[in-house]
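Take a look at the structures below.
The following pair of complexes shares a single chain, chain A, combined with chain B in the former and chain C in the latter.
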Partner chain A sequence: MKDLNRLFYPRTIAVVGASDKMFKWGSYIFTNLLAAGFKGEVYPVTVSKDEIYGRRAYKSLTDIPGEVDLVFNTTPAKQAMEVLRSCVAKGVKNVIMITSGFSETGAEGRRLEDEMVAFVREHGINMVGPNTMGIVNTAVSLFATGSLVKPMRGGISIVAQSGNVGNQVMEWAEQQDIGIGKFVGSGNEAVLMCEDYLDYLCDDVDTSVVLMYIEGIDNGRKFMEIARRTTMKKPVIALKAGRTDIGAKAAASHTGAMAGTHATYASALRQSGVILTMAPTEMLTLSAAFDAMPLPKGNRVGVITLGGGWGVITADECEERGLTLPPLPAHVMEKLDSMLPPFWSRGNPIDLVGQPDRALFVESLRLMASSDAFDAIIILGVIGATKFVVRVNQMVKDLGYGDDVNIDDLGKAFRKLQFEFLDYIIELMEQYDKPIYPVALVTSPEDKMLYSKNGGKYKVPVYKTPEEAVFCLAHQYEYSMYLRQRS
Partner chain B sequence: MKELLQNAIRKGQKALSEYDSARVIASAGVPVSKSTLARSRDEAVGFAREMGFPVVLKGCAHTVTHKTEMGMVKLKLKDDAEVAAAYDELTGKGIALDGVLVQEWVESDKREFVIGLTRDPQFGPCVMFGLGGIFTEVLKDVSFRVAPLSELDALEMIDEIRTRKMLDEFRGSPAVEKGALVKALIGIGNLGLEYDEIREIDINPLVIRGSAPLAVDTLVILDAKK
Partner chain C sequence: MKDLNRLFYPRTIAVVGASDKMFKWGSYIFTNLLAAGFKGEVYPVTVSKDEIYGRRAYKSLTDIPGEVDLVFNTTPAKQAMEVLRSCVAKGVKNVIMITSGFSETGAEGRRLEDEMVAFVREHGINMVGPNTMGIVNTAVSLFATGSLVKPMRGGISIVAQSGNVGNQVMEWAEQQDIGIGKFVGSGNEAVLMCEDYLDYLCDDVDTSVVLMYIEGIDNGRKFMEIARRTTMKKPVIALKAGRTDIGAKAAASHTGAMAGTHATYASALRQSGVILTMAPTEMLTLSAAFDAMPLPKGNRVGVITLGGGWGVITADECEERGLTLPPLPAHVMEKLDSMLPPFWSRGNPIDLVGQPDRALFVESLRLMASSDAFDAIIILGVIGATKFVVRVNQMVKDLGYGDDVNIDDLGKAFRKLQFEFLDYIIELMEQYDKPIYPVALVTSPEDKMLYSKNGGKYKVPVYKTPEEAVFCLAHQYEYSMYLRQRS
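Now for the complex of A and B:
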């Protein structure tokens, strides 16, 4: 395994080609590093300036006093070799080659890249890229990509063969308060391949879930070996692009005709325990669920709903995805009989028939969470009631009544209740070690997807739809089975 | 086995004849229907009698890879006369044959599966399992695994096809022995790992006799570069 520790946890960084001119990579990376508050030293290296943003600029890497752990190169492809030679002179072991214009551009670029690869290998340098978007490590406030995205710290790490896709996922994560650990855009993968990063993240204590955006893998068997090892430790969620490329093969046999490139990739990933998704949004939603909640130990789901239709939809989704809704145990039935009107559903889903009484939700949830009959619970309603209550009262006001009601206070009070309920969900997850998926009655644009409690072991994602909750639960169940069968 | 494969490649063959394909596939632990290669009409009739009627006759040569389309299969022949006539018809088509394959007629219960092997440039030999028969390529109800397969891999790939219920009790037929399928899938994967000379394999159909899978049509495509 390659030692990538100083690549992700550098103490000192030099940016070759650093600049203060807009729309230059040397400016994006340098500005980003400073603005995000990287904890170590950052040295600009350029011949055209003596100082950038108050930092002394060096003419060459070798002029920098002290060790340099990591170099970003943003100078043109033609100067790459010269920069690499100065890296060797300075004893630099980690280089992020932002520069493009290599194998992705044609024969001359390919030649330059080959020359670079031979040199880098000979001198034992870890090189990211070329043609990479950069890296992120939130643990040390290292934000060095082409965009100024700054997600909060968390356990989800991303390896992307397209920097843009990775950036986009981080943007959404930032908007939804989903914590990110590390990101690396693997670029052309001239030296370090996506499986090398996976290998590193497998043992990285700051990473709890790995996301991968994959376009192609050179050494499929090596990748599988590393993926197998990693998925036994933490979930790996991947999006493989190029589903529709059937890969025109000479079809001498039926088997050959049917084994499209994607079918093989999908099978190989599944065989290694990797969770496959179809879109970047799915990837993030799933990783948040894996990162936030315990895994279900089985496929038996308890559903609590404020209304019948929602419960049926959820039940259908569960059945279609290999989950089941077992009947309610006798003691749960008895208890609810004593609390609910006589016409209640008397089964799973527990239909609270529109009773807005919070105590009913709390009690049903407690009954299901504590029962051995269920491995996971989906609770529809409660969360999101604030908007509903506020709206009703606003309407009354609009009609010219309800002067005694202060909408702001009402909103605040309900939000507080909502947070208390989410706290309760976290407590139950911790107590019974099973996941609970709340689905919001209505969501507001300002609602975050993830709710966490200080010091809590788990977090709660709040889902917009029952199908989103079931989607996550089904994948967590599948992964849980994968682990159980192999350990 | 290696010798058989390399000899065929040396002779410029792109595929093995069905007779040789069956031998290679049987060596991997896949049950293959009984067959013998007849080189004369009398031999064909003799083999058919030994085997018991009805039988199937197939023109056998490495060039005959799409037998049905080439009119090279004669099904369910009931007596000496039918076998003799079929032999004459197959050998009279002007296609050079190694001989005529006399094969036992397998009364199948309509359940047909496919097992295959393919080589992926990144992942190497991959095993395929799925719904077989003439609709294989239309319905594409297949799953893949990269070789070598563990028992669990094989079980999971069996369970991955949409029509997996056909492996359970089915219209009066017993459930398919999964253990035999698992052994076959693992065996085919190992063939791919062991012999670079094999580029692709098709076992289609793999029928079910009683509860046991049985390969009734087999094809090994060779890799001329090896």
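Now for the complex of A and C:
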């Protein structure tokens, strides 16, 4: 196993080719390391300036006083060997070769890359790339990618054979308050391969879930061995691209990945406990669920809805994904009989028939969450009330009435109530150690996917649709069964 | 065929049970009709007030001067017959029976409903419901539902056996600037059935696409006949819920739908040209595509991407959904050879390898759109630049530099450029009569799904992910083939 600790947790960083010219890689990396507040020293290395942003610039790595844990190289491919030689002179053990123009560009690039690989191997340097979009470690505010995304800190780590895909996933994570741990764009994988990063993340205490975007795997046996070890400790969620002939052809032209048939890959990955997804957004949504909630111990789902149609849709999704909706236990039935109109559905899904009664919503959730008959709960319509109440009052105001109501205050008060309900869901998850999936349906642009409560063990993802919630639950159930079978 | 014209285009409306007490159906309907600016007369009917919002309230329908085209009834079930009798006395031909407490609640409700049905049939009244969430016709600002949504005007009309589902779809449409024509929640379908509404919408010039949420169909033969007629004129997109045993059971308890096996339904619907979807969000996304763009004439897709990984993902999605990515024609290849670095992918997908060159983006799209080799174009990364440029500049500012740049202005200028590019896409669609699917990837909360250009024949949907774009394109291709085969 390679020691990648100082790659992800460097104390000092040098950026070769650092620049303050916008839209250059030397600026993306250097400027962003500073702006994002990396918690260590960052040295610019360039021959063209004496200082950048008031920091002394060095002509060469060897001019830098003290140790350098990590070097980013952003200079052109033909200078790469020279930079690597200065790394050796300086005793640098970790290099992120941002530079492109190697094997991905043809025979001459391939030759340059081979030369680099031989040198790097000889001197025991960990090299990321070449042709990589960079690296992130939120734990030490290390944000060094071409997209400048800055997701919040969390447990989801990403290894991507396409930096664009990985960065886009982080961008979506940032928008939705989904916390990211580490990211690495593995680029051409000339030296460090995706399985090396997986190996490292397996034992990384800051990582709770691993996401991988994979186009090709060179050493299948080694990868599967590491995957099998990792999936016993934490979920590994992968998107294997190049599933089809056309896709595989596109992958070959992109990263030079030699495909192997997808069926072979898929089956080997599944046997190693890797969870396969089809699209990057799916991958992120799923990882948020794994990161946030306890695993279900079985496939018995209780569903609560405010509208019958949504109950039917959720029931269909559950059954199609291998989950089941058992009947309501007698004590739940009795209690709901006493609270609901006589014609209520008397079954699972529980249809609250639009009763706008908060106590009923809370009580039915408590009943279901505490019952041994269910391994997981899906509850629909959790944050729609605010918008509705605002609308009802606005409509009256539009007619020139209702002057005594302050709609902003009302909206805030309702929103607060809804967050309290999300807090309550987190409490119930802790108390009964089972996942509860709230579905919003009605959302506002400012709504995030993940809510956490101060000091809470779990977080709560708020899904827009039931199919998203069921998708996550079904995969969590499968992973839970996988762990049971392996142990 | 029933004459539903005055149901959807009433000149005068009476709301029986009208109220100004918030959170009552009599208020939702009456208040919202006024607040949303319905373009006709609205009369409140109630015994408990003399006026509501300064409008004279009538004790009975028969007290209203002049004709009444449409009555909403929101009074309790036991008063329904009395209201219907006064409808007959007043000569009212269209009634929306919001009231619940009929067949969905048991034997006594069933008896009341049967009595009502016999009476309504005898007197030739069109009755929606009972137990309906209401009706919308954006063309005359008729917004009368329990959810108070007000989507913008457009060509997508919705028939829903679950008012909650239908209203939620309209809510999403409203958020994304997707235009809605008509909506009706068909409720218990005691008299008017979903096929009656479909029959009406078939010939409705304001409707370009029909969406249906269906739990059960009573008269399958009639439904399929009408569907077959409609699908030759406009796409009909349906979600048939109750696909599984558990789902069907939930549907039976919800609308009393007697399932029939789903396989039978699905096959009959498909044979009638109905496009089946699995989830309400899918249904809406798809309808927006049909409403906005020309149909593809074949399945040959050209893909343009700024990042290789996204090209691979898009290629996979295309092939998995029956689309194909033919090679680039010689003249496209030559032209791109002259514009791109020598190591570019030289194939379809065209990977612009992150070249931040606007002219290149525009020119490659023009080349592909104008080529006979492609029936549709997918172009990725269309509106990400604004966010990136803002980020690059913000990062410099965060370090205390770049004071001369006004980031707001810069953002606005870039946003304007991006809208111009969307306009250009609309122009190309008109010029070459083929659909172009822009994928945003990077989005902002304020971004909408559908953009239109003043006076433009087509609109342009901006997808967040390639899988959404491919999903829509594949269904449009299938529908296009269906039409060709039928004609």
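What we mean here is this: the second predicted complex is superposed on the first by the 470 of 487 C-alpha atoms of A that agree within 3 Å, B and C clash if a C-alpha of one lies under 4 Å from a C-alpha of the other, contacts with A are read in each partner's own complex, and residues count from 1 in each chain.
One rule holds in what follows: a contact is a pair of C-beta atoms (placed from the backbone, for glycine too) under 8 Å apart; a residue touches a chain by one contact, two chains touch by 3 or more.
Computed from a predicted structure; not experimentally measured.
By the touch criterion defined above, A:63 reaches neither chain B nor chain C.
Residue contacts after overlaying the shared chain place A:105 against chain C, while chain B stays out of touching range.
By the document's definition of touching, of the two partners only chain B reaches A:221; chain C does not. Put simply, more of the residues of chain A are touched by C, taking chain B and chain C as the two choices. Looking at the shared chain after the overlay, A:3 reaches neither chain B nor chain C. Of the two partner chains placed around the shared chain by superposition, chain B is the only one that A:486 touches, whereas chain C remains out of contact.
In the superposed pair of complexes, A:441 makes contact with chain C only, with no contact to chain B. When the two complexes are overlaid on their common chain A, residue A:420 makes contact with neither chain B nor chain C. Comparing the two complexes, residues 253-255 of chain A contact chain B in one case and chain C in the other. Residue ranges on chain C touching chain A, taken from their complex, read 20, 22-23, 27-28, 31-32, 34-36, 53, 101, 104-106, 109, 146-148, 160-165, 168, 171, 175, 213, 215, 239, 241-247, 249-251, 253-255, 278-281, 306-313, 315-320, 324-325, 341-343, 345-347, 349, 351, 354, 356, 388, 391-393, 395-396, 398-401, 441-442, 445-446, 464-465, 467. Interface of chain A with chain B (complex): residues 216-221, 224, 252-259, 261, 263-268, 271, 485-486.
Contacts from chain B toward chain A in the complex involve residues 14-15, 65, 114, 116-118, 120, 122-124, 126, 128, 130, 136-137, 140, 142-146, 152-153, 156-157, 199-202, 204, 219, 221.
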